[in-house]
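When the chains are written out, they are named A, B, C and D in that same order, and each has its own residue count from 1.
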Amino acid sequence: MIIVMGAGATEQEVENVIDKVHSFGLRTHPIYGVQKTVIGIVGDDKTRVVENMQGMPGIEDIIPILQPYKFAGREAHPDNTVIEVGGVEIGSKAIAVIAGPCAVESEEQLLAIARGVRDSGAQILRGGAFKPRTSPYSFQGLGEDGLKFLAEAREETGLPVITEVTDPRNVEMVCQYADIVQVGARNMQNFALLTEVGKSGHPVMLKRGPSSTVKDLLLAAEYVIIEGNRDIILCERGISTFETYTRNTLDLSAVPVIKHLSHLPVIVDPAHATGRNHLVEPMALAAIAAGADGIMVEVHNNPDAALCDGPQSLTLSQFDSMMEKLRSIARIVDRSL
Amino acid sequence: MIIVMGAGATEQEVENVIDKVHSFGLRTHPIYGVQKTVIGIVGDDKTRVVENMQGMPGIEDIIPILQPYKFAGREAHPDNTVIEVGGVEIGSKAIAVIAGPCAVESEEQLLAIARGVRDSGAQILRGGAFKPRTSPYSFQGLGEDGLKFLAEAREETGLPVITEVTDPRNVEMVCQYADIVQVGARNMQNFALLTEVGKSGHPVMLKRGPSSTVKDLLLAAEYVIIEGNRDIILCERGISTFETYTRNTLDLSAVPVIKHLSHLPVIVDPAHATGRNHLVEPMALAAIAAGADGIMVEVHNNPDAALCDGPQSLTLSQFDSMMEKLRSIARIVDRSL
Amino acid sequence: MIIVMGAGATEQEVENVIDKVHSFGLRTHPIYGVQKTVIGIVGDDKTRVVENMQGMPGIEDIIPILQPYKFAGREAHPDNTVIEVGGVEIGSKAIAVIAGPCAVESEEQLLAIARGVRDSGAQILRGGAFKPRTSPYSFQGLGEDGLKFLAEAREETGLPVITEVTDPRNVEMVCQYADIVQVGARNMQNFALLTEVGKSGHPVMLKRGPSSTVKDLLLAAEYVIIEGNRDIILCERGISTFETYTRNTLDLSAVPVIKHLSHLPVIVDPAHATGRNHLVEPMALAAIAAGADGIMVEVHNNPDAALCDGPQSLTLSQFDSMMEKLRSIARIVDRSL
Amino acid sequence: MIIVMGAGATEQEVENVIDKVHSFGLRTHPIYGVQKTVIGIVGDDKTRVVENMQGMPGIEDIIPILQPYKFAGREAHPDNTVIEVGGVEIGSKAIAVIAGPCAVESEEQLLAIARGVRDSGAQILRGGAFKPRTSPYSFQGLGEDGLKFLAEAREETGLPVITEVTDPRNVEMVCQYADIVQVGARNMQNFALLTEVGKSGHPVMLKRGPSSTVKDLLLAAEYVIIEGNRDIILCERGISTFETYTRNTLDLSAVPVIKHLSHLPVIVDPAHATGRNHLVEPMALAAIAAGADGIMVEVHNNPDAALCDGPQSLTLSQFDSMMEKLRSIARIVDRSL
């Protein structure tokens, strides 16, 4: 940690700051420059205490040096984390493809889509039973009935299933049905939910919030890890920007950035980020080319009639055609699919 | 609702779209322009169904016309909503000032600050007992003990209290102690929490999420209202932008925008938005000048030693001096304080 | 164009708006909904006039329907534009790779890099002679001397050259040396420069401004086209967002979006967007996977000593290795390199 | 300047970095922490050179300590700069109000508005003769004829005039007519224009670019100052964000931030930022409350017929009413108007 004193800071102010740091049991290394004094601080983790010194007279800025995420960071855990769910690996050399409807609408719909995506090579089935929607007037999901249909679809197709949990009171129930629980973008900093999911020990997919930096995402993962659950898949799904043609702006650079900073697997959701059917395939291919460990897409057997996110869903035949190309791209970047 | 057909859409495609809209029991008004056909749609609320037509061949865009928030909007409720809490009005001609520590740290700290801000003219006491923090290694609050200290401080000072609730399982407990429950920016789209707070019937302050538009904020309020709870105070506290000097960018234009679109009171939190002590007063004055119904600020009797958000807290004497100026500004914009 | 009247608009206000539109010689199609009246407007291009009606009593919103770019849009020109420069095609099936130093620093430096990138398969040489720099204290380029070195390097290697022009007074001079003139991101809305470049008739690369939407970019291209110059290459190079790990956020979705909306070729600059060496290769691969017509990267024979943008430059050997992978990706998406 | 070495950096890498820094004639102060080594660098201005070391093996980050703007910063010039134009002071205790039409449309229009705003108390007349417009199909201004009308209006009303210059070739001509030349937001980093305006020695108003940080704005001012021209007025006019209700997001916090970091006067343009008539007055009042040295607004005698930015223009009577309130607010914050 570095404390930068303002150009006009007095000797007394510098001394006061140094004394204050010493009072926390930390060592200081002041560097007296031509215009400014900078105080390096060495010692164990006192970040919080020192950050609160920001208001002290003479201090211009306080700059942390250590990464604030201990367990999610690659420094503490250099090797890639590989998560195994129902025989499928996420984070290994293999690319994981997660596909299914935005929302579970009925047993028939889910089964038809599940069989379709399995036949085209998807390894994991997605489907929302609890849908967080911006408007209370939009379809909110089938709830536990939807979970039951997902479990049936797993039985029938052999695909492990992922579904979203939105309420800490439902974590236990959702874990009974799902192989992976998803924490959605809107809940990325719902710390009560993160803690409950952490305690569950269940594999979790954590989606990046639309105004969250990569650092914020890794700190949210840290909330899950400190409860003892390291089976975390991160998911890039677009951030809020001024561009309005796409729903959000897919930040694909976040993929190599996360792989650089963290050992956790990262997958990309190109459909929610763009909100437009014709952008899903190119961005899915780009995601794998950029180094993602997998993708998650929405597939519907009848997108025109979908109760949720129809505009961005792929048809089964679009999905099949995309899988062909994904396989080729995977080979180029030395991955398998 | 308006459906815009692409320039290359065929007559058949236009006809298919019109047939589809009719199948939902809605009427159509096609307008055949020189380059494009536009289809106006009249009928009751079928937004969701029609939005899912976005994928149909020939459709370029679907543009909603009606505001998606029915009860939070001023169209349905032209008069300002005034909320009364412990004798204090929010949303009337009177300006409401909410002040107190970021986090409740101890009985002594809270009481000292509560007496101080009351003496300077604050009408409501704030203090966090459950603190949502980006990092799991930051101070997380005292929990129910903190709530008890708040209730004691109310007893002692006569000030009604506001505190944050972060977990739907705690809503009932927090309501037992607090006069207003706060839903924080990170939880603005935590729909389980919004629903629980809505059911409680308790006055609620809803903070704008850092990547939420004003429209998203009003839709979040709608989640509370449809549970039967109209006592909602909206709070602008900054949005995520590329500017890094301030923690967030305080969007003060949102104040007159919200007053224009909604009947709900709106207050401003200048401290969380800017993250810097020296910006709190000017932005608080600006907020009242822009038409806000109140402000919420952090005050500490010893900011250097605060366990949370010290850098942005005001001292008691800074708060007192700010109150003087706020009173003058309030008079200019025909408000009282 | 659609005029949306507010819910409280009176019959008289609706009539006034209709009369006003008629006064411009345009026809109206009012649609009287349950809550609001919407007025469709048909006629030729009176956008500007009608937009200025926004202030009229009763009007809530005015929504344009036609794309505002006539010549840059795909509607007017369905086939891809292919630009030929010194035997290299941009916008055809072939992928174009533009490489070279950020700034021309000396004859020796430029020649060494030019030979290196040519040997690895680059088809166009880049190098800045006039450098727009955020700080006036940063290296500003060699000016006309730099242009001369570029012309020599073309002579020597056979590679056509691209360089930036920052001042309308220099357009003629730069065109004497360069095969493609580049308008940088900071100058994307420097309309005097766009007009001069348009008049030159010279092939131009137009970089997207960091706060410009895709629509703004196409409108900037329109400024060049209306001067009679259709040889425009668009370039995505990152937009300003709240994420600070990367310099800007590379908006790769813009690639398929631009290909959808416009006939102009689009290339990607992964180095300026990310500002970090280790992100250049993954984002270059992703760009081609997403459908870009080419990429532009910075290569240096000694990045540690570069006078400009050293941190994001590739070494010659990194460039060579990236080219190998780009060739494979190009094949997968049915392109050649 | 601080160089942060990565956690895995070897002793040899640390040594190499130190040797490299020494080779530039700079002194180093390494601090060996538990996990990371940090190297403080002391010496004169070698920012550019050291920044280019970012690519060196083992380096994780390079953090500048000194402000990069030497002359625009308050450190070098603690007292407020006051600019005097035609008897009007900007940056002193007096608040400056600049008003007039977006574009000069005719002699009659300009004179009518000029007289109107003068009678209500405006001290400076604005009016665009060269209009930078996003679309080439929008009205581009009257050019030199517009400048002549401005000079006549000054003659007639006694108000000094400000108008925009968009092309370095026009700076000399515009300076012959205008008392203050304006560099617009789109040209904030048009360094050729900044240099020319700097050489002119004429008072200049520099508007913040929509994706520019405050630091970028101060660096743009630095381009003008190093040519010997210190008469610079900064102008906040909104930044690009995801919020779409307003055209841009007015960043009013930038006002106290700029006053803190720089000695230059800062004014606010609430109309361009919001793009909506009903937001102009509340944001103008808020600007003065936040500490701005003045405001600039668009006033039209017939907004419905304005050739440019009609929706956001005030009528003469709205302007008059706003001036009343501004005078009261000015008194509260100890300013005069």
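General remarks:
In this section, a residue touches a chain if its C-beta (ideal position, glycine included) is under 8 Å from a C-beta of that chain, and two chains touch if they have at least 3 such contacts.
Worth saying up front: this structure is predicted, and the values here are computed from it rather than measured.
The chain with its Cα centroid farthest from the Cα centroid of chain C is B.
Distance between chain centres (mean CA atoms), chain A to chain C: 31 Å.
Between the Cα centres of chain A and chain D there is a gap of 38 Å. Within chain D, residues 211, 239-242, 244 each touch two or more of the remaining chains.
Taken chain by chain, the contacts link every pair, so each chain touches all the others.
Of all residues in chain A, those touching chain B in their complex are 20, 45, 47-48, 51-56, 68-70, 132-139, 166-169, 186-187, 189-193, 209-211, 216, 219, 222-223, 226, 239-240, 277, 303-308, 310-311, 313.
Residue ranges on chain B touching chain D, taken from their complex, read 211, 213-215, 239, 241-246, 249-257, 260, 273-274, 278-279, 282-283, 285-291, 325, 328-329, 332-333.
Interface residues of chain D, counted against chain A in their complex, comprise 2, 4, 7-8, 29, 31-36, 38, 40, 42-44, 63, 65-66, 75, 240-242, 244.
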